[in-house]
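There are two complexes below, and they share chain A, which is joined by chain B in the first and by chain C in the second.
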Partner chain A sequence: MAKHDTYDAIVAGAGHNGLTTACYLAKAGLKTLVVEKNDWIGGAAVSRSLIDGWTYSNCSYVCSLLRREIVRDLELPRFGLQVIPYEGGATFTPEGDYFAYMSDHDALRRELARHSPRDADAYDRFSQAVIRQCRFIRPFLLRNAPDPTSLRPRDLSELLFLVKQAHGLGAKELGETLRFWTMSIGDFLDSYFESDLVKAHIAGAGIIGTGLGVYSPGTAYVLLHHYMGDVDGAIGAWGFARGGMGAISNALGAAFEEAGGEIIKGAGVDQFLVRNGKVTGVALENGDEYHAPIVASNMDVKRTFLQHTDRAALPSAFTKAVERFKIRGSSAKLNIALDRLPSFPAAPKGATFLRGDMHCSTTLNELERAYDDWKDGRWSQDPYFDMLIPSQIDPTMAPPGKHMMTVFVQYAPYDLEVDGVRSGENWNDATRKAMADCVLDKIAVACPDIRERVVHAEVRTPWDIEREVGLTEGNIFQGELTFDQLLFNRPVPGYAQYDTPIRGMYIVGSSAHPGGGVMAAPGANAAREILRNIGKGKSMPDFAA
Partner chain B sequence: MTDNRFDAVVIGAGHNGLTAAATLAQQGKSVCVLERADRIGGMSRSADLGGATLPEMAHLLYNLNPGVAKSLGLKIASRALPTVALCPAQQHVVIQGKTAQYANGDAHPDAAAYAALYQRLKTFAALLGQLAEGAPPALAGGMLNAKTLQEMMALGKLGLGLKRLGKVEMREFLRVILSNAYDLILDELSDGPLAGALAADAVRGAYAGPRSPGTVFSLMYRLGNGGDVTLPIGGMGAVAAAFADAATKQGVQIRTDVDIASLVIANDRVQGVLLSDGTTIHADAVLSSAGAMQTMQIAGIAHFDVEATRRMRHLRNKGTTAKVNLVLRNLPAFTGLTREQTAGRLLVAPSAVAVERAFNPAKYGGISKSPLIEAVIPTLTDTTLAPDGTHILSAIVSYVPHGLEGGWTDAARADLLDRVVQTLEAYAPGIGELITHSQVLSPADIETMTGAPGGHWHHAEMGIDQILTVRPANLMARYAFGVGGLYLCGASAHPGGDVMGAAGRNAAMQVIKDGVLR
Partner chain C sequence: MVKVNHVPMGLIETPFHARLEPLSRAKSWTGWAGFISPLVLDTVEFEYFAIRNQTTLFDISPMHKYRVTGPDAAAVMNRLVTRDVTKIADGRVGYVMWCDEEGMLIDDGTLFRFSATDFRLCCQEPMLTWLLDTAWGFDAQVLDESDAIAGLSLQGPTSWSLLQDAGFAAAQNMKPFDWREVEPDIWISRTGFTGDLGYELWVPKAKALDLWDRLWAAGDHWGVRAIGFEALNLCRIEAGFVAAGVDFQPVHAVMRLHRGRTPIELGFGKMVHFDKGHFNGRRALLQHREAGARYTLAKIDIAGFKPANGALIYHRKKKEVGFVTSGVWSPTTKRNIALAELKAPYGIEIKDDLWAEIYVNEEGRWDKRLVPVTLQDKPFFINQRARATPPHPF
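Take a look at the complex of A and B:
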């Protein structure tokens, strides 16, 4: 017999943003339900054990963007969240050399000078420029994006805030900011550095997760999504969530349940229920129906409206805008259980940078060519990857003496081309293996013994990620981070403040401002918006203040 | 004649240099234009090949600033041309303004969507076009004083214009303005020659594929003055001559074959120009239509601060367009086109995907096997250009890198010619047999001949990070260029390239406004 029940609010999807929204709604006293299609919570911030003794962060894998205001406010450490920073990183060359990034400034300067004395000097100018951009953007993350076409006092005041912030920069910095936001990461780096290796090491952060190349304008901005975070206040630092990225979702879930919330797992939303332009609840795939005057969707905007909402309930202009919202699958993932630490013959023994992010792409052109492959529906034949071995720092990830390696691969298409046909269906065990072989061959540049170390490997293509997690095309940002899809354009112009054409229904995932990464900002911003609309705006702290 | 004292000296007799000179002369200033080449015109000039007068580099007009044309009294006869998007399956599309139909007269399934898109882009472009009418808007300091407030007026006007479009269109403008042409086009049209024609127009002259963000802006830039493509009667040389006439009528002196050794600078102020033959020409202002870096080098890098030098060194100006000029003993027969249609602007850009693909090899110093071509046979419109019966085919070839791997040798030029002819053969079988004379100009050749940095037709890439208030570079955007009295007046200054004349006019007005001239 199908269940029916009534709540004050329902959140569809237990990703980190959905859980964040749910926490705030529950803490404001709303009887809140979270429904999740998988048998576990977390969405793409998840830890899973696919082989005994090993834990994989099998989607997102490192943590930095998670807003510390939210971590503190929801007391996530009390629910088990511990973020352990890691230091440094390296790019290995086929010639047996490497460029190592180190957080010790003097060590980094020596390392840069080893590759180019001029780049050692340029680095300080570079990092100042990036930090200035981070400082500029951080205050906007936990605020609404103003609607520039609106004359509502709130929008005007947000616009004024933007103008004031911009004005405060002065003419020179404003010009630099304008350029930075519209430049490619390749051009930006070319204007500072001469060493290909140094440039390639940094450039990856501008393209991870995007359908853009290192020379596509707008990728310098994407770099910020990897520099504007912090670990315990150390800006730009990255860390591992102890126990994997699922620790974040689990802490949020526990906080939510402590606040009186309820989570139903293993039952996805079939349909958002709408009557007379108002949302009334959700119908689940298993036939259960739950009712609430407020429904928040943590699914991306395409999935929410094109798959689970009656089109008749939506204005056609809105549906068209959702259809043209670009969510392009471009990343794959290898999660590997290792029988012991692989060898890195190029690196000094015990080098700290081996505990950071490692790469084997040595020129910007190599990265750009990897993008060209993707445009034509192939996985990059010479792929870029971001590879880490978190078990060196977090022993809970693998049995004693053994290790876990996470390899994020850019680029892999969602609709793979085989014999002239582009389709996600072309991803099968054979194509998955061929792609993994291609990646492992390149990892062998850094660790020649990698193949002997592999105990188990999980290969996740954009197609797989979509099917398991529910992210359209497996896109990690729930939508491209290009200007036509940022700020007041995200996800749809006119609906950039978490609201939708259906009264009571909200978008709370990364499809909304400020976009992707395990940030929790869209979830918190959306909660503030929901609470304000029901006259409970004061029950949530004003992070913007 | 031996008088070598002027109020202002203009470097370069391209259309911008000549416009700057004429504009200053109209204000009662004495002006001398110095041109390195033996002919005026820069990129808009004619050349003789096998008895025919052909447009050596630029071959069509579409962006001439009407304000400039009016104030200089330019007399340029020109004929509007339709665009013919060639299709490998012979289903060519004829585009005229907002209408698109198949060459055989059949309706195009995307005609309505195209018309709506074109109209919208044209409306947006007209709004942006206002920004070309003066120095780039100041972004900061708007609330501080009356002067900066006035400088923000241009932006204010744009904002007002946007508001007037209504909410829906304003939102659309703000969504697409920094976006990429590929998505914009394919959101509305199915991919094919019509989409390809738009995509190719968005990137012609640019070092960018249609998937690069910022290409919607470059498409709008093209449409800023209406977008109608016209063929100048009498050849491109007649265009340059019209600019020169306007200048000389105002008393401007134009000297060709002049080699400048350096600028004369004292106390951080320009005093004049020193020629290689030892002559000094004295002037209170020097306006340079040469590239930004070249101008810096002529002035002497020591006169600029480190940051300015660094910015100039990193200007993006990789030229990507080559020119192939052919003299044909007979009119080539384009399959499926009437004579009238053959006289149009012929585009080889079969789809937006093909345009993006053609860009790929150029990034690594190669040339696509299927190059993008904009060809025109001017002799069909203007019979005076070639001896009876013979014809000219002028082709702009996109995505030909300045830094070709292996360098620009004669063999490389021959290879490019071959690729272009092979590509055209698919649409006009037998065209190769008709060629009596040919000329191939690589971006490197164009740089050598005109001084345009990188052979780039805008002198500096028109990316969003190099336009308006940051063109050519941040803090150097208001024409004044480091040294007192030195100004940029060419395509590397706001608003940028094309045969437009706005940069020259704006620079001259800035010189007057700054009170540099007594």
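Take a look at the complex of A and C:
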């Protein structure tokens, strides 16, 4: 018999943002239910063991953006979360050379000078520009996006805050801000550096997860989005969650349950229930129905409204805007179990940069060509990848002496072209293997013995990510991070404050401001908005202070 | 002419220095009891995370070590320290404190019990004279073993796995504070200064490098890293451990008056066993207990992200009531933590409305932050893996 029950609030989807919202609602005293379609929680912040002894961070794989205010406020370390920084990175060339990024500033200067004496100083100036922009953006992450058309006091004060911050920059820095929000990462890097290799190494952060090329306007911001996090206050630093990214979701889940919340797994939402313009609950695929006056969707905005909500309950202009929302899948992922550490013949013995992010794309042109393939519906024949071996640092990820490698691949299309037909259905074991082979061939530039090291590999295309995690088209950010889809335009103009045309229904995932990445900011901001609307705003801490 | 053995000038090498020197990228050394000791070998950050995530080696050879033997050895130790040594069994280690006749703390340390007639006391401060004074009239000998015994601290969640791979599987069933001779001349104690899973290994000086090499070779799969004092110091504050000369002033070493504190004032009242018979400082401590603590060393959580080392503590933002003795940002618990000395009744009866005044220098501009302080009753870092027996692999 189908189950029915009533709650104060229901969160659809146990991704890290949904769980964050749920934590704050439960802590404010609301009887809160989280429903999750998979048999595990975490959405795209998940650790799974697909081969005995190894743990993969199947989707997201490194951590920096997670807001420290939220970590502290929800006491996530008490629930087992430990974030460990990693040390650097490198880009390897087919000629057997490399450019290494090192956390030791003096060594980094020497390494830059080895490639271009001029770029050593340029790097410091580039860093200054980036960090200044990050410092400008960071205060906005845990605030609502200001609505310039609203006259509500709260919106006016948010707008005033934006104006004040922008005014404080001065004309030169404000100009720099506009450059960052609108330029391509390629143009931006060309204005600082001369070494192709150095530029290619840095440019990756401008295209990760994005259906744009290094010379597409807007990619400079994507780089900023990857630099504005921190590990223990070191802005731009990245780390691993001990035990994989699932440790974040599991800590949030445990915090939620301690606060009295309830999670039902293996129970996907079929339909958001709406009556007279008000949300009344959710109907699940298994026939169960749960009722609540507040329903928060952690699904992306497209999936929420185009697949699980009655169109008749929505204004058509809103639906159209949701349809227009860009959420193109552009990345694939290989998770590889290795029988031992592969060799890196180019690297000196004991090189610390092997414990960081590694790449084999050596010029901006090469990256731009990789994008061209994607536009045509192919995976990049000469792909960019962001490759790490976290088991060198985290002993929990693989058996002793063996290793786990995570390879983020850019670009891979959602609707793969085969014989003139573009469709997600074209992704099958054969095409997946062909793409993986293409990536492994390129990894062999850095580690020639990579194929002999592989014990098991999981290949995830945008199609797979959509089907497993639920992200539309497999877009990792729940919507592209381009200026037209940020701030008061995210996800849809007029609904940028987690609210929707349906009363009581909210968008709490990365489709909302400030966007994607394992940040938990949309989830926390949404919770604050929900609690304010029911007169419990005081139960949220004032992060902005 | 007499042959004079001139003493060396400056800092001298520990038995492990030959291994530490090549590992030093930071070239950042300090003096510890006259020995060259690393503050940082590579970076504080990565050394710290190796302690909390993998495993680490830290050279503790400069610790002062005293052997007390003889039929009255147990009686001497029981007279010295405030806790009841008869309750520490053979093959066990006890954390101990000892006071002068006024009940003021001289030092803290670890007491290793071989048997009722054989002890080793390990501590920060030189203690030979005080031990000899305490042993006067007893049938016991005191020997300074500081230079004869080398010590290595192996700390972190994979430390047991490393020990096992290094051939020390015999240590598997050791509980916290156990200690035993696992091989001739190699003693292991399950102790440490990090609050995490960890061990300390003790060998005669001549065997030091062999021990290092054996552990280092086995550590490859377990992420072993040599560390310096700074990373360790972060961990000890997270674990709520006090440091001599920092969180309390060893009363024999201070020149100014009224710097002494009792173990009770430092939060170690449970370690003062009044019912065990006489011990140094007992009468004074009884009086102190009657009169009530003058101070308290509190664990505090501080709002914001700026470490509060040296910050003054205020009540109602106005009245100055104490100061931070050790304050750091805790990278594992993601909190701003500190130990702070508060003047009674603050921190004892009055626990609310406390504020820390933190001065921060942000690229040349000084700024003052007044942020709320919350008292904590437990150590900041508590992890079940520290106590699990048999220990977990990681």
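Everything that follows uses one rule, which is that the second predicted complex is superposed on the first by the 545 of 545 C-alpha atoms of A that agree within 3 Å, B and C clash if a C-alpha of one lies under 4 Å from a C-alpha of the other, contacts with A are read in each partner's own complex, and residues count from 1 in each chain.
Convention: contacts are C-beta pairs under 8 Å (C-beta built on N, C-alpha and C of every residue); 3 or more make two chains touch, one makes a residue touch a chain.
No experiment lies behind these values; they were computed from the predicted model shown.
Peer 1: Superposed on chain A, are chain B and chain C clashing or fitting side by side?
Peer 2: On the shared chain A, the partners fit.
Peer 1: More residues of chain A in touch with chain C or with chain B?
Peer 2: If we count touched residues of chain A for both partners, the winner is B.
Peer 1: With the two structures laid over each other on chain A, which partner does A:395 touch: chain B (first), chain C (second), both, or neither?
Peer 2: Touch partner of A:395: chain C, not chain B.
Peer 1: With chain A as the corner point, what is the angle to chain B and chain C based on their C-alpha centres after superposing, as a multiple of 10 degrees?
Peer 2: The angle comes out at 130 degrees.
Peer 1: Answer with first, second, both or neither: which of chain B and chain C does A:175 touch in the superposed model?
Peer 2: first
Peer 1: Quick one: classify A:166 as touching chain B (first), chain C (second), both or neither.
Peer 2: First partner only, chain B.
Peer 1: Is A:489 touching anything from chain B or chain C once the two structures are fitted on A? First, second, both or neither.
Peer 2: first
Peer 1: Please indicate which partner A:369 is in contact with in the superposed arrangement: first for chain B, second for chain C, both, or neither.
Peer 2: Only chain B; A:369 stays clear of chain C.
Peer 1: Which partner does A:72 contact after superposing on A: first (chain B), second (chain C), both, neither?
Peer 2: A:72: touches chain C, not chain B.
Peer 1: Once the two structures sit on chain A together, report how near the CA atoms of chain B get to those of chain C, whole Å.
Peer 2: Across the overlay, chain B reaches chain C at a minimum of 23 Å between C-alpha atoms.
Peer 1: Give me the intersection of chain A's contacts with chain B and its contacts with chain C, in residue numbers.
Peer 2: Common interface on chain A, chain B vs chain C: nothing in common.
Peer 1: Give every residue of chain B touching chain A within the complex, in rising order.
Peer 2: Counting only chain B, the residues touching chain A are 138-143, 163, 167-168, 170-172, 174-176, 178-180, 183, 187, 208, 211-214, 310, 314, 316, 356-357, 360, 363-364, 463-466, 469-470, 474-475, 477.
Peer 1: Using the touch definition up top, name the residues of chain A that touch chain B in the complex.
Peer 2: The touching residues are 148-149, 166-167, 169-172, 174-176, 178-179, 182-183, 187, 190-191, 212, 215-218, 317, 324, 326, 365, 368-369, 372, 375-376, 482-484, 488-489, 493-494.
Peer 1: Using the touch definition up top, name the residues of chain C that touch chain A in the complex.
Peer 2: Residue list for chain C touching chain A: 25, 43, 45-46, 49, 52-54, 157-158, 161, 165, 221-223, 305, 329, 331-335, 393-394.
Peer 1: Show which residues of chain A lie in contact with chain C when the two form their complex.
Peer 2: It comes out as residues 68, 71-72, 76-78, 82-85, 87, 103-104, 231-234, 242, 392-396, 400-401.
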